[in-house]
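Heads up, the next two complexes both have chain A, just with different partners, chain B and then chain C.
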Partner chain A sequence: MSVYLPIAEMSVDALLLLSIGLGVGWLSGLFGVGGGFLLTPLLILIGIPAPVAVASGANQTIGASVSGLIAQWRRGNVDPRMGAVLLVAGLAGSAAGTQLFVFLRSLGQIDLAVSLFYVVVLGTVGALMVRESVRAILRRRHAKPARTHQHSWLHGLPFKMRFRKSRLYISVIPPMLVGFGIGILSAIMGVGGGFMLVPAMIYLLGMPTGTTIGTSLFQVTFVSANVTLLQALQTGSVDIVLTLLLLAGGVAGAQFGAAMGSRLRGEETRALLGLLVLAVAARLLWDLLQTPGSLYFLGPAT
Partner chain B sequence: MPQDRVFLVVVDDSPERAVALRYACLRARKSGGRVALMRITEPVGLQEWAGVGALMQEERRQEAEQLLSALAAQVQELTGGLPLLIIREGDAVEQILEVLAEDPRISILVLATATEGGPGPLISALSGRHAGRLRCPMTIVPGGLDDAELDRVT
Partner chain C sequence: MKPRLPAGAALLAALLAMATPALAQRDAQPTPPPQPGPALAAEIAQPSIAVDTAFSGANLLVFGATDRLLGPAGDNVVILGIGPARDVVVRRRVKRLGIWVNGAAARFREVPNYYALASTAPVAGLLEEAARRERRLGLDMLTARIPGPRDPAFRQALIELKQGSEQWNEEEAPVEVSGGRLFHARLPLPSTIATGDYVVQVLLVRANRIIARQELPFRVDRVGATARIADVSRDHPLLYGLACIGLAALAGWLGSVIFRRG
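Now for the complex of A and B:
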């Protein structure tokens, strides 16, 4: 069953899109994450142009994040002050990232840049995940998880601020930098960034883990909304047919995933996720390195 | 009076927990016995990063320990003895039933009702669907009793 995507200017099997949405939604329900970091590269792999994949991937992230955010907000797991600081910086970062995106596109290098970003980020993330899981499976872990709650020089910078909910009194500069960085990645890669934001908040900012997930969802929701809006306005690359199909699959998948998440505990699941991430990175890298089937093609100059 | 009579109080975040705790302490002081405090932490669930998940678990455990040791000081003031401290992870009702089944010292489970809107989820579950699985009597303290009234009834 083929559908024509008006913005991507290509025909794709609707069932394929639905099942990608379903699979990514399942994972996001299972791990409580946005899943954009798998969705966008999968879209690129089935041949959707990078700008469309990024813009539509960001869209999918909003759907997953909003429902998570509402649940976390009700339980009081969001630090509004930290969230606001991260958000302001994140909005600035995503605006800057979109400008960079537009600039790279004008150079004609956007597909290459997005793929490279993904190879580096997914390669690193996947390798770390697999390493963590293998260690845990082999029981070679340290008994106590390491806690780096020492104040480093980063926290001692000026403009100190008290974050009551997170029980922190630190400079606003490190959270600003973290928010800005995630904002840029969000704009270029079409991810929410929660999978990097959560460890950054814990290990760099020293936040207690109870508030990190809720607060990161808070930031991710608004930043990816901003990314979608900016991408739609500036590059006009949000494909509504694509997004709707993905969201339909994603919502259904997330329900299954969330229901299974409480029963599935285990390093094996996490190792599989890590391997999946690595496989996607390897495939993207292969596509970058192999000689194209047709070295030249005719078309209107962009 | 047997020394090994133990009143089990479930420490949750509800306001009526204080009533149940006070009732158990007064009973333990006046008629002999000890108090056990039980805190059930929420399981962490699947996290993308194993390190983050382990850290969350560790922090929840530490929070539970802090809370229990603060309450233990109160208990000691009221009863003169140190309470037993139990920390479990998982579903509250299941964990209570498990502890009751595993620990033969516990002789009474003390719960207090919420002051409005039904008796609270634990009492509903333990006096309703799971009532048959309880391994000891359950005392239900009205959550609205004040200190003087608690003194009178114990």
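Now for the complex of A and C:
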């Protein structure tokens, strides 16, 4: 059954989109991330134009994270103050990122830029996650107690603020930088940035694991809403039919994934997620390195 | 395919219309002089193509009749479909620092987004190059007339890319002839077809000259939900963006309610 996407201006198989949504939703429920980092490359792979894939990926992320956010909020796992700081910086970052997106598109390099961002960001995050989780697994085997909270130069910065829910008293500068950077990346890569935000909160900000997932979902929901709005206004490439088809499969998959994920240990889950992130990065790098099937390609005049 | 029935009926009507004078001629004893009819009569099955949510491409039936016999020894019919023009950019990928990046680009102006050519015999054998060039008969003739850089590699790439996306095609299926004077062809419209004004030209070729020509305009329009979504997105982007956010959030919330376990 094929369905015509009004903004992408092409016809695609609806069942293919539903199953992509289901698969990505299942993985995102399993690992507790939005899944945008898998979704956008997959959409580009099946022939959706990169701007539409990025903008609709951001739109899909709202739906994927909103149900998780409601559940986490009820359990009191959201630190509203930390969320607000990250969000203000994240909104500024995504506004800057959308400008950068428009600029790169005018240069005709948007496909390349999206791929390069994916390779670098996913490669780095994936490698860090695998390294950290393997260490954690080894540490558990050797039964050495881990330090939960380390003091570093980050704690010497000014403008300190108390984040009661996260039991932190730190400068607002690191959360601001983290939020801004992830805002830029989410605008260019069409991802919510949960897979980058969670490790950044744990390792850079020293937040306890309990509040990171809820607070990152808070940030991701609002930043992806902002990216969706800015993309709708500036590039007009949000395809709501595409988004809703992906979400129809995605919300179902996420619930089953979450049920399965609760049976896995934290370190193993993070190691698997890290490997998945690395695999996507390797695939995209391969596409950049191998000789393309056609040396020419067609674009609209800008 | 929905439009098959009316198209078939129209074809039948055309067939009858052509057959009637022939019968009349045979039956009437003192043969009256034949009516000086048009040398060419052609029609398209649908004056508008509707792109709705279920659109996955279509075929446009072009049919008609001629006053003399069609075939290798007689007349020939050439059918040309052309869509609205748009500027396009062809980019070449080049290897920089080990990765493939977008290199030199060639901008072509006023490129028809759709082109289809069909005829009863290969067009190159029917008409002189000057006539083919003037009427844009053949992709090489079409691209030779498009303003843009002269580099032949980019022009060739433009042809190959447009053919690859099924938006341009030439002489893939011949114009079918039945009964010597009736002809029909199906022009394939891909699912990626752009909206706008299109025109089908039907040319009657006799002895290397175009002796009759008919222009049949048609439109490609989005209809229904597809049209409304595209219109709102273009005319009210703020409203559209907010609606997208709201719908996605609603879908996520609904999903968590429906699929909640326990």
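Assume the second predicted complex is superposed on the first by the 256 of 302 C-alpha atoms of A that agree within 3 Å, B and C clash if a C-alpha of one lies under 4 Å from a C-alpha of the other, contacts with A are read in each partner's own complex, and residues count from 1 in each chain.
The criterion applied here is as follows: a residue touches a chain if its C-beta (ideal position, glycine included) is under 8 Å from a C-beta of that chain, and two chains touch if they have at least 3 such contacts.
Please read these numbers as outputs of a predicted model, since none were measured by experiment.
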* To do: In the overlay, answer first, second, both or neither for which of chain B and chain C A:84 touches.
  => neither
* Could you look at A:11 and tell me whether it touches chain B, chain C, both or neither (first, second, both, neither)? => second
* A:232 contacts which: chain B (first), chain C (second), both, neither? -> second
* **Greater chain A contact set [chain C / chain B]** => C
* To do: Please work out whether A:195 is in contact with chain B alone, chain C alone, both, or neither, and reply first, second, both or neither.
  => first
* To do: Report for A:112: first if it touches chain B alone, second if chain C alone, otherwise both or neither.
  => second
* To do: Considering only the touch criterion stated at the top, classify A:102 as touching first (chain B), second (chain C), both, or neither.
  => neither
* Could you tell me if A:267 is touching chain B, chain C, both of them or neither one (first, second, both, neither)? => first
* Where does A:251 make contact in the superposed view: on chain B (first), on chain C (second), on both, or on neither? -> second
* Asked: Regarding the shared-chain residue A:177, is it in contact with chain B (first), chain C (second), both, or neither?
  -> neither
* **For the chain C and chain A complex, residues of the former touching the latter** => 51-57, 86-93, 98-102, 105, 107, 153-154, 157-158, 160-162, 164-165, 191-192, 194, 222, 225-227, 229-230, 233-234, 237-238, 240-245, 247-249, 251-256, 258-261
* Structure fact -> Per the touch rule above, chain B residues touching chain A in the complex are 43, 45-52, 54-56, 58-60, 63
* To do: Using the touch definition up top, name the residues of chain A that touch chain B in the complex.
  => 30-33, 128-129, 132-133, 136, 141, 144-147, 195, 198-199, 202, 208-210, 212, 261-262, 264-265, 267, 269-270, 273
* Structure fact -> Counting only contacts in the complex, chain A reaches chain C at residues 2-4, 6-7, 9-11, 59-60, 62-68, 70-71, 108-109, 111-112, 116, 221, 225, 228-233, 236, 238, 240-241, 243-244, 247-248, 250-252, 254-256, 259, 288-289, 291-292, 294-302
